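There are two complexes below, and they share chain A, which is joined by chain B in the first and by chain C in the second.
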Partner chain A sequence: MATVTIRNVWKYYGQTPAVKDLNVTCPDGSFVSILGPSGCGKSSTMRMIAGLEHISAGDILFDSQRINDLAPKDRDVAMVFENYALYPHKTVFENIANPLRLRGTSDATIKERVTGAARLLEIAHLLERRPHELSGGQKQRVAIGRAIVREPKLFLFDEPIAHLDAKLRAHMRGEIKHLQRNLGTTMIYVTHDQLEALSMADFIAVMHDGELQQWGTPSEIFNKPVNAWVAGFVGEPAMNFLTCDLKRRGDDVVLSHRNFDIPLLPGQVRQLNGAAQAGVARMGVRPDAMTVSMTRPSEAAIEGEIFVNELLGGDMLVEVQLADSRIRVKTTPEFEGKPGETCYLTVNRDKWHVFDAGDGHAYF
Partner chain B sequence: MTETLTGIDMSVRTPEDRFRARKVSTEVEARPLSAALPPPGRLNPAARKAYYFYLMAPAIALLAFISLYPFFWLIVMAFQKGDMGAVEWVGFKNFTDLASDDRFLSGWVLLFRYSTMCLFLQVSIGVLLAVVVNGSRYERFLVTALLMPMMMAPAVAGLLWLFLYNGTFGWYHWIFHSLGLLGSGSILSSAKTAMYAIVLVDVWQWTPLITLIALAGLKRVPRDQIEANMVDGASPFRNFFAIVLPNLYPVLLIAVLLRFMDNFRFIDHILVLTGGGPANATKILPVYLFEVAFKFFDLGRGAAIALVLLVVTIILGKILVGVFDRPTAGGR
Partner chain C sequence: MASRDVVHYNTPLQRVLSVLSVVFVIFYLIWTLLPFVIMFVSSFKDLLEAFKLPAVGDWAGVGVFFEFTPTLKHYQTLFSENNFSRYMLNSLIAAGGSAVISVIFGSLAAYSLSRVDFRGKSDLFFWIISTRMAPVVAVMVPLFAIFRSLDLVGTLPGLILAYTTFNLPFAIWILKGFFDNVPYGIEEAQMVDGATRFQAFRSILPLVAPGIGAFIVLCILFAWNDFLFAAIIGSGGAKTLPVATRELVQPQNIQWGAIMAAGVVTTAPMMLLGLVIRKYLVTGLTMGAVKE
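Coming up: the complex of A and B.
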């Protein structure tokens, strides 16, 4: 159990920076997810914490101890690898026992701990098998077993369930979260799947191009993205973006587009802070922050033409063609519009976002 | 492209790679296979099987001429007595005589001593060198430099070392003599040191082969297993024995097999350096075989020795494959 502090950390591969001035503090016992697309520096960050990668600049601390110069074996972390990295020539039992064996634990304790871990992960019947005789999900459990068999300061999970099929992945999400809660050990979990991060983590660190974009709870990340990139990366189906003009009309500020003119809420005008009261901005609306109807509900509704309907089981996704772009809106399967017909969109203004057209930071 | 397609998960490391691999395979799946390929069987008519035999016939004939014929003739010779002229059948006498031949028996002992020393030194030094060279900044240069002894004809290497060991002007002679490790004689003329001298030459010339093979093996040791073991708490030293070495077994098997069989066959060094002396101290079995067959021209006896040597080589090879195969059986 430890608080992990990453302070001004840089990682260079040759001349290319992979992680740029990263500052993150993972509270003791928390489940922290590092989220980002491939090449964003999240795996490099994890490998620096594990000691598998040299830290180019900055410090990493476990509690108050600087661990930059410690060998991996002295850092007391346990890691689960993306490809499981099981030892093919050892049985499942010996795979799980490996960290204990390397620390010279007595045979009796090893047997007790390994069987305990195996029972917890429901792989007790597989202990005599070898890795090549296991399915993907079983291999993954063995890899987790190897991590939890001793009590490390920190768990590092590097996309551990990326290779499982969708159903098993959903199942393992719950299991891993439950396991972490029970053990109470700090966990850093790297993933490129925003759903995994949102559903499991206490805190999410969103990374892009080696830079930390946003740190926050899943709901903060989802509801209050700090910039257009985070807003677009998190959430499925993805947020709609429309380039609009900001116009002053009396006391109001209006978001103006070829298809609509919608005034901002009074509080939101204040949040603009005078910065972009006139000029170009990007509006961002999640598909579930809008409603679609076949009759005009109000003057402020956006008129468009249905491009295509996608039924997603319990939901229906309607793609609507506006003058210069398409936006997607979530509705119920009972929606009766047909492609080619005219429909009307109503935006929930409490849940929309306006981003700077230049650097993309969020006004609200 | 084929590599990405058939590549196992191990080779797919980053998420981008995975994406790429998936993309490539989708393209291939999308190709209209059934339309593009002729119906199965049309290219492979059973009626024309003889055709394949005709195609292979020249190769088979050549093989029979240069390899099979001498082999069968060797078996025939092993049951005959006589030199170039008169020949008589003697049954198993050539073989039974070997049992009471001291030189034959000591030849075996010397051969095993020689081969064991060579293998032990070559494998341990070879693997050590491979580990040192692997990932070094000067890897390419070092590999080229290491390969040089291997490129030399064995007889030439033997001559080179003959000069180095020479009792009048040999460099090694001078060093060992200065260090007081040598008595009054020269290295090759002392029964105590001659064997070590020829082992050293073999090690010098053939360790690079082991290094090369081990280096290729090291390249495919899965990095994530090494890293997992490091995080589990292993020191680099334990890591080597727990992960790297087991993964090297299959390639080391090939290396050991090659070298052990070569040790049973190649006598160029020994013929050049000592010719089996002094006082038969380096007369390992193949040297004795050479002597019997081509110096004394006792061809029947020579053929019998050769057959025994061949059978033992095959049996030992089989055992070796069995021993090495076990730890990784079904491992991948």
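Coming up: the complex of A and C.
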């Protein structure tokens, strides 16, 4: 159990910075996910916490102890690797027992702890097998077993379920979250899958190009992205972006596009700074913050042409062609429009976002 | 998964080739095995019987080779008069000692070269293997001078050192390939689990065991069969089997029977070793090179 503080941390590989001035505090007992695409520096960050990489600059603290110069074995962390990294020549029992053996734990305690962990992970019947006799999901459980067997200060999970098939992945998401809640140990979980981060974590750190983009709860990240990059990365299907003009019209500020002119809500106008009240901006709206219909519901509706319909089981995704871009809208499978027909989009203005056209930061 | 069988079609050319390959294998077997057979059989023959040969072209007379009364007297001569048990022990100590030392230092060096990046690494690696490029004869005179000034000539430690000089680069070269094939993640997992760097290194040794096994065999073979080093560096106090055998050839008396017996005594242990670890040796030599 520990609070992990990452303070002004940089990581350089040669001249290339992989992590740039990272500042994050993971509260004691929380489940923190570091989310980002490959190459964003999330794995480097985790490996610096584990002690497998040197910290180029800055400090990492467990509670108040600076751990920069401690060897991995002295940090009391447990890690689950993306490729599991099991010991191929050892049985499952010995794999899980390894951290305890290295600490000189007595045989009786080892047996008790290993069987306990194995029962928790439902692999008690596999203890005499070797890793090459196991399926991917079983290997992954063994790797988790090796991590939880010795009650460390901190869990580090590096994309542990990325290589499992979709069904098993969904199952393991719940299991890992449940496990972390039960053990109450601080966990840092690296993933490139925004769904994993949103569904499991207490807090998410979104990283891009080595920089922390946003720190927040899953709902903050999803509903109040700080910039267009975060908004586009989080959420599936992804957010739609349209380049629009902001125009003053009387007391209103209108978002103007070749297909539509829609006024902002009064509260949103106040969130624009003065300079931005006229000029180019990017409008972002999630596919589920719009409705699509075949008849014009109001004058403000956006007219477009159906490009293609995708049935996603319980939902239907309609791709609508506007003058210069396409927009995806989520609707029900009962939607009757056919490709090529004219349709009308209504935007839920409470849930749209406007981003600066230059640096992409969010106004709201 | 696709089948890994090579598909054969029975064309006339194929048939001719398959017959030819059988003929080739038969000749090859005769070529390689006959010397051993003659050596083995002759070592149990009295000298007079050993030199009984059929006339040229008399194929029916081949049976002459096998008409003899077996005798163990050559072996008795070797061990009672010629002190061969001593030389055998010398051979064992020299070959085994150099194998053990080479494997210890070789695996440490190979591990470092495989895992750690430092400036000049590729140059260092090339230099290590380049020490094997000069023929042994070329460096023998300076080596002898060095060994003599260190009082190592004619001693077993001297001989072990000489073999290690040539086995160590070989060990590093072979074992580096094996360490390269062990995923680094396994050691990282060990270190996070609480192992020191050295413990992590030790924990992956079982994974390179085929390489170590293969290397030990090649190293022992090299030292056991070596004549040049043994004759020059080991001469006198550290006489090994090949040198002792050579000394059975005296100007006025070539002891053919004893030489044949010495040949059997020298060859047999290596053949046994080869048989015991044959499987190991083959997987070991290919595993380093071929990635699964």
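As a convention for this text, the second predicted complex is superposed on the first by the 363 of 364 C-alpha atoms of A that agree within 3 Å, B and C clash if a C-alpha of one lies under 4 Å from a C-alpha of the other, contacts with A are read in each partner's own complex, and residues count from 1 in each chain.
What we mean here is this: a contact is a pair of C-beta atoms (placed from the backbone, for glycine too) under 8 Å apart; a residue touches a chain by one contact, two chains touch by 3 or more.
No experiment lies behind these values; they were computed from the predicted model shown.
Visitor: After the chain A overlay, clash or fit between chain B and chain C?
Guide: clash
Visitor: Does chain A have more residues touched by chain B or by chain C?
Guide: Here the partner covering more residues of chain A is B.
Visitor: In the superposed arrangement, does A:192 touch chain B (first), chain C (second), both or neither?
Guide: first
Visitor: Looking at A:99, would you say it contacts chain B, chain C, both, or neither? Reply first, second, both or neither.
Guide: Touch partners of A:99: chain B and chain C.
Visitor: Taking the superposition as given, does A:78 touch the first partner, chain B, the second, chain C, both, or neither?
Guide: A:78: touches chain B and chain C.
Visitor: So, does A:108 touch the first partner chain B, the second partner chain C, both, or neither?
Guide: neither
Visitor: Tell me which partner A:39 touches in the superposition: chain B (first), chain C (second), both or neither.
Guide: Touch status of A:39: first partner only.
Visitor: First (chain B), second (chain C), both or neither: which does A:87 touch?
Guide: Once the two structures are laid over each other on A, A:87 reaches both partners.
Visitor: Return first, second, both or neither, reflecting whether A:166 touches chain B, chain C, both chains, or no partner chain.
Guide: neither
Visitor: Just one of 6-14, 24-32 or 168-176 in chain B runs into chain C once the structures are overlaid; which is it?
Guide: Clashing stretch: 168-176.
Visitor: From the superposed pair, tell me which chain A residues show up as contacts to chain B and also as contacts to chain C.
Guide: The overlap between the chain B and chain C interfaces on chain A comprises residues 50-52, 71-73, 77-79, 81, 83, 85-89, 98-99, 102-103, 146, 156.
Visitor: State the interface residues of chain B toward chain A in the complex, per the touch definition above.
Guide: By the definition above, chain B touches chain A via 9-10, 13-16, 18-19, 222, 224-225, 227-235, 238, 242-243, 246, 327-328, 330-332.
Visitor: Report the residues of chain A in contact with chain B in the complex, numbered from low to high.
Guide: Residues in contact with chain B: 37-39, 43, 50-52, 71-73, 75, 77-79, 81-83, 85-89, 98-99, 102-103, 130, 132, 146, 156, 159, 162-163, 192.
Visitor: Of all residues in chain A, which touch chain C in the complex?
Guide: By the definition above, chain A touches chain C via 50-52, 71-73, 77-79, 81, 83, 85-89, 98-99, 102-103, 146, 156.
Visitor: Spell out the residues on chain C that touch chain A in their complex, using ranges where they run on.
Guide: The contact residues of chain C facing chain A are 183, 185-186, 188-196, 199, 203, 206-207.
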